[in-house]
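I'd like to ask some things about the structure below.
Going by the order they are written in, the chains are A, B, C and D; count residues from 1 in each one.
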Amino acid sequence: MSKTLISKTLATPALARFTAAAADRNITRASYFVVAVGVLMMVVLTVDPAYQSMHRWVDTLLWACLAFFGCEWLVRLRRAVLTQVGFSYALSFRGLIDAVAVIAVPLAFVGGADVKSAWLLGIVWILKVVPGIPGLRQLRRVLVVERGPLLSVLVIFLMVLFLASVAVYFLEHEAQPVAFASVPAALWWAVATLTTTGYGDVVPITPLGRLVAAFVMISGLGVFGLWTGILATGFAAETRRDNFLKTWESVSRVPFFAALGPAAIADVTHMLRTMDLPARTMIIRKGQVGDCMYFIAAGEVEVDLPGKKVRLGAGAFFGEMALLGNNLRSANITTTEVSKLLVLDLVDFRLLMARHPELAATIDLEAKRRAQENR
Amino acid sequence: MSKTLISKTLATPALARFTAAAADRNITRASYFVVAVGVLMMVVLTVDPAYQSMHRWVDTLLWACLAFFGCEWLVRLRRAVLTQVGFSYALSFRGLIDAVAVIAVPLAFVGGADVKSAWLLGIVWILKVVPGIPGLRQLRRVLVVERGPLLSVLVIFLMVLFLASVAVYFLEHEAQPVAFASVPAALWWAVATLTTTGYGDVVPITPLGRLVAAFVMISGLGVFGLWTGILATGFAAETRRDNFLKTWESVSRVPFFAALGPAAIADVTHMLRTMDLPARTMIIRKGQVGDCMYFIAAGEVEVDLPGKKVRLGAGAFFGEMALLGNNLRSANITTTEVSKLLVLDLVDFRLLMARHPELAATIDLEAKRRAQENR
Amino acid sequence: MSKTLISKTLATPALARFTAAAADRNITRASYFVVAVGVLMMVVLTVDPAYQSMHRWVDTLLWACLAFFGCEWLVRLRRAVLTQVGFSYALSFRGLIDAVAVIAVPLAFVGGADVKSAWLLGIVWILKVVPGIPGLRQLRRVLVVERGPLLSVLVIFLMVLFLASVAVYFLEHEAQPVAFASVPAALWWAVATLTTTGYGDVVPITPLGRLVAAFVMISGLGVFGLWTGILATGFAAETRRDNFLKTWESVSRVPFFAALGPAAIADVTHMLRTMDLPARTMIIRKGQVGDCMYFIAAGEVEVDLPGKKVRLGAGAFFGEMALLGNNLRSANITTTEVSKLLVLDLVDFRLLMARHPELAATIDLEAKRRAQENR
Amino acid sequence: MSKTLISKTLATPALARFTAAAADRNITRASYFVVAVGVLMMVVLTVDPAYQSMHRWVDTLLWACLAFFGCEWLVRLRRAVLTQVGFSYALSFRGLIDAVAVIAVPLAFVGGADVKSAWLLGIVWILKVVPGIPGLRQLRRVLVVERGPLLSVLVIFLMVLFLASVAVYFLEHEAQPVAFASVPAALWWAVATLTTTGYGDVVPITPLGRLVAAFVMISGLGVFGLWTGILATGFAAETRRDNFLKTWESVSRVPFFAALGPAAIADVTHMLRTMDLPARTMIIRKGQVGDCMYFIAAGEVEVDLPGKKVRLGAGAFFGEMALLGNNLRSANITTTEVSKLLVLDLVDFRLLMARHPELAATIDLEAKRRAQENR
């Protein structure tokens, strides 16, 4: 396709909507689907009997995937250029992945690779999923904050690896001249042992070699334990932080809490969890056991009372009755639009009531008013 | 059995009691026992020499198990219908499991499967244990709350899996055309390596293939560490929450604590642990070293003093003497009925005494009164 | 040896001292040494060339170990009888282990076992180490407190095991009639896979069997992660509790802290760590970097100042200068007798100073007085 | 080289600078590089085809590495002697490693070892990396503090190992007289199984042997879980302590915090993280999303405002605007010299503002002043 042709194509009204949605959820989902199809086809490609019986389908789908990614890239590039961030998109991780996903396979064809090998390069498509991984930012922060100790464990890992390899090469070389032919071969054994994978293709047979191997295995457990301990520690801190950040803003926008002053808001934020819900989602089902109450940070819900329907908007709360005595939910409650709720767990409800009696009074009053109204 | 026959059978007084107990502990225990027997027989069924020498026993027991589950299902269905929740039981997880447990094997016979294969379907019986697993709710909540990061790790796991498979297929295909015949074969190698299982049936032999394998093994450790870290974090939070919920209600019902006001109750709740005991259970044995005291939330205990027996009811406390100086328990104490106790550990006893001196005074006074009385 | 002979032997003055020390540290240490020798000899016993060349030594040592354990048991039994706890010792875990260690091997000889097999029963000697494992009580408490979730994970483990075994037996039986001959054989495969051990002696080869295997491996990681998470959570709680209990008593006996009142003592206890030291141990070495100070809970230390030696007894503190400006220790400090010290870390020192300014003033004053005196 | 020659060489001005830098960063980095080269050459040495084609290069580089380490050792020794700590350096871990690194290979040559074996001793060079491992001190402290429980797990590990070995030797010896020839052979199997390595070279085949093996595998998971749990617990505590120590000093030197008094400083210290930056490093990039603010503990930064450049020195703060409403950074900020910054995260910023309103007022005032100035 020549550049002029692409410009023309993009100018047609049919593609205008596609352009608008390019950075959108729908496109992203479609993109994941295409990645899945593409990877599946790549897998089928290498299974000879399957490929021979349906090679037309496979080829067509692979080309279709490539075409989709090509369009996607161009659309995104155009958008980025229009909003004057073209250069920064093209060099971002996402932009580079998008580019490589399009260019890799054709380049291999041009370079003279055989058909199968060329298509296998399409495995880079799988990297398109990376920006959408939930909680990836959180994981990355843990790795950054704990990089000191993690690096330290890695260095210890490598040191044990090399020391053990040379030792076992020394001890086993004569007994098994083929399996332990060189230090790289011993390294292969050492890495499989230290990670407790233990293929068993190369195994020491001399008593001293086995003694070293036992030490390596136990070191493997130790390294692993340290690794996990560090990650667990980092993760616990990060989880609290992440929740605080997500919740803080919503909390300070709810008038009910806003009156408390910053110290209490910080305190309350640690007790709440945000929940984003699409429209027409049932939050509370009548007759269920309730163990939390909700504050509406944004959006609206509908309470399905007998005989009438009540709507509650941003700033209101509901579900408190199940926490104040009667455990069963007394009405269905559904969102009417996209809503952001703050969830207060039973445990934290009690702590909150204990620490901020003025809130307790407000909730209690409202609960009584509602109970009377519904009678 | 025709439907009329079943109705008749259920109407007989002998089965009436069975009906009443259907949702009961005894039935549940019997059910576990039958599951164990059934699974054992299934195992024996496949061991040819064992089966040939006692096939009558095995067959009889398997049919008996099936009959038991059939009865159990019908009884439960009838109960549910009588209490007007028939539909909701039939479609609940428990109801579906109960149904499948009964229907699966006969269906296989009808469908023409051979005897062994048909009975092996009885392995679904093992799912009947699921609703009774202790702490399952807790585990499920951890998985729900941490689903974001866990999913994130899973996606990373799958990405490494596919990237490594294609890379190793590429690198090893020529050297080992049979073992790495296709990407699915390479995936098999990758999953065994990334989980550090390492069967050793398929192993890379080229230097580059081994380098990729080493990265996969180390990624395996990393994935594992993240996984564990996330679960550990979630579990720590859940354990505290679960204990708080179980303890709160009991605490607020003990007059000793009820006078403290909500803030202090929330504080105290974090220090206590509930303990449910059947009747006639010895709680404290004379002469043992004591490191906790008890509050009676419900039920009654009997203190076996020299010369007389004293009974303490709900709201009373005991075992405080061992925490106030003399470390050895001075009398046997036994429950007289099903009781719920609140346990206060030595550590928390001291914290409680420090934070709530009025409680300390009450306990001290009572301890002195008792010591005088027993002299 | 007849019973009379033993009584006589025990009556001789030479053995009187042995009797006295039976429950003692020295005996315990000797006992560990004898266990080590015994186990080593058992190992040598099974290595044919080694045994043939030195069978006299091995036999003699094994008999000597047995004799030692016999004497130890008799001495302990006698002690227990004299202090009127004979029955309770004989039935305690320790008493039973002591008895089995003595009786097992002779019984095997009497029962007609061959020499090697009989002596191999001596492996039960290794259980004599159990009561002396440091922190075993702590581990046991974690297992007790977390038994609910741990059991829950175990049940899930077993369920996955059985479901996977039957599934793989079903899928692989025809392809590998020998390896997957029965469900027990499949169970063997499943346990090696679910624990990620992966021997590779039995491996699924059909595509569906491998898919099930992949699920089992990933479940293995999950089970493992849950397991570790639960233990980590329980362990964190237990460690804090254990330290608090060990430290509390010592803290309240130090006059310096005793004046603070119970609330502050509980607070301070969380910051201190106890340290038990034998006599003549150097605690502080001149010129080292110091990051903690010490309070003497019991015992005495000697400060080696230039020109004179100062002794500090229970209730005194030292090492505070390194925390108040100059980082290097200015004198050697050694215990003169068995001492119990309370260690206050630099971090907690600062927290303590911040929260209890009156303590800060006392320490500051004393430090200045000492600095002046030493000038 | 004779001793006189070395003295002369060291006296030349060219080497004087080398001497001065010996304990320096540059030397240390060079040293790591040389270690890497040396180890790489050792690996190549054992790969026959590679070594034959370039043995001159390999030999030369190995001798060069040895010479480098020799010089380094001598320079360090001389420095230590000049500063009168010669003896203590020579016997320190670092000094001994330096000495062994130089002496090992020549000694092997003298002792008549063949060339390859002698050079392989050079693997001790890798230990030179140990003193530079980041966070090693932290890891060591965790191991020291948690040595009680860790030892306890190790003893349990060894006990299971020996009990399982003898049991499996007993059960499998007849079925597999070669693989389970002796208890040491069974120990080899047990260690590979208990660490879940599972080579598969020795595998039980009798039903009872497999049952024991299953228990060993599950124990392996348990041991591993305990191990990890202990390390995770210890690590969490150590991380907090380490950060506090690193941050405390810097915090108390910033006038902004110094006015708060010790209690508040201890509180604030837990919220800050130190960051050491070289000169000319960009800290904040215009247009990025900001989630933290910075206090300058030492050094200087340059704010690149439109039209002018403002320099901020020790005690100043910046980046607060992104936390007070507008999320995007409004200017590039770069260090002009080596600087130490204190980072205050968004979460902790809010907590700090809530707990110390006077700080909030100061920051707010300054932010307004700056906003006005830049308009």
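In this section, contacts are C-beta pairs under 8 Å (C-beta built on N, C-alpha and C of every residue); 3 or more make two chains touch, one makes a residue touch a chain.
All values derive from a computational prediction rather than experimental measurement.
Student: Give the rotation angle, in degrees and rounded to the nearest 5, that superposes the C-alpha atoms of chain B onto those of its identical copy chain C.
Tutor: 90
Student: Matching residue numbers in more than half of the contact pairs is the bar here; say which of B-D, A-C or C-D clears it relative to A-D.
Tutor: C-D
Student: How far is the middle of chain A from the middle of chain B, if each middle is the mean of its Cα atoms, in Å?
Tutor: Here chain A and chain B have centroids separated by 29 Å.
Student: How many Å are there between the centre of chain A and the centre of chain C, using C-alpha atoms for each centre?
Tutor: Result: the chain centres lie 41 Å from each other.
Student: What are the residues of chain B that contact at least two other chains?
Tutor: As it turns out, chain B has residues touching two or more other chains at 184, 196-200, 224, 228-230, 232-233, 236.
Student: Report the residues of chain C in contact with chain B in the complex, numbered from low to high.
Tutor: On the chain C side, the touching residues are 148-149, 151-153, 155-156, 159, 162-163, 166-167, 169-170, 181-184, 187, 193, 196-200, 203, 207, 210, 213-214, 217-218, 220-222, 224-226, 228-230, 232-233, 236, 241, 244-245, 248, 261-267, 269.
Student: Provide the residue numbers of chain C that touch chain D in the complex, in ascending order.
Tutor: Listed in rising order, the residues are 39, 42-43, 45-48, 117, 120, 123, 126-127, 129-130, 133-136, 138-139, 157, 184, 188, 191-192, 195-201, 223-224, 227-228, 230-236, 239, 291, 345-347, 350-351, 353-355, 357, 360.
Student: Quick one: in the complex, what on chain C touches chain A?
Tutor: 196-200, 228-229, 232
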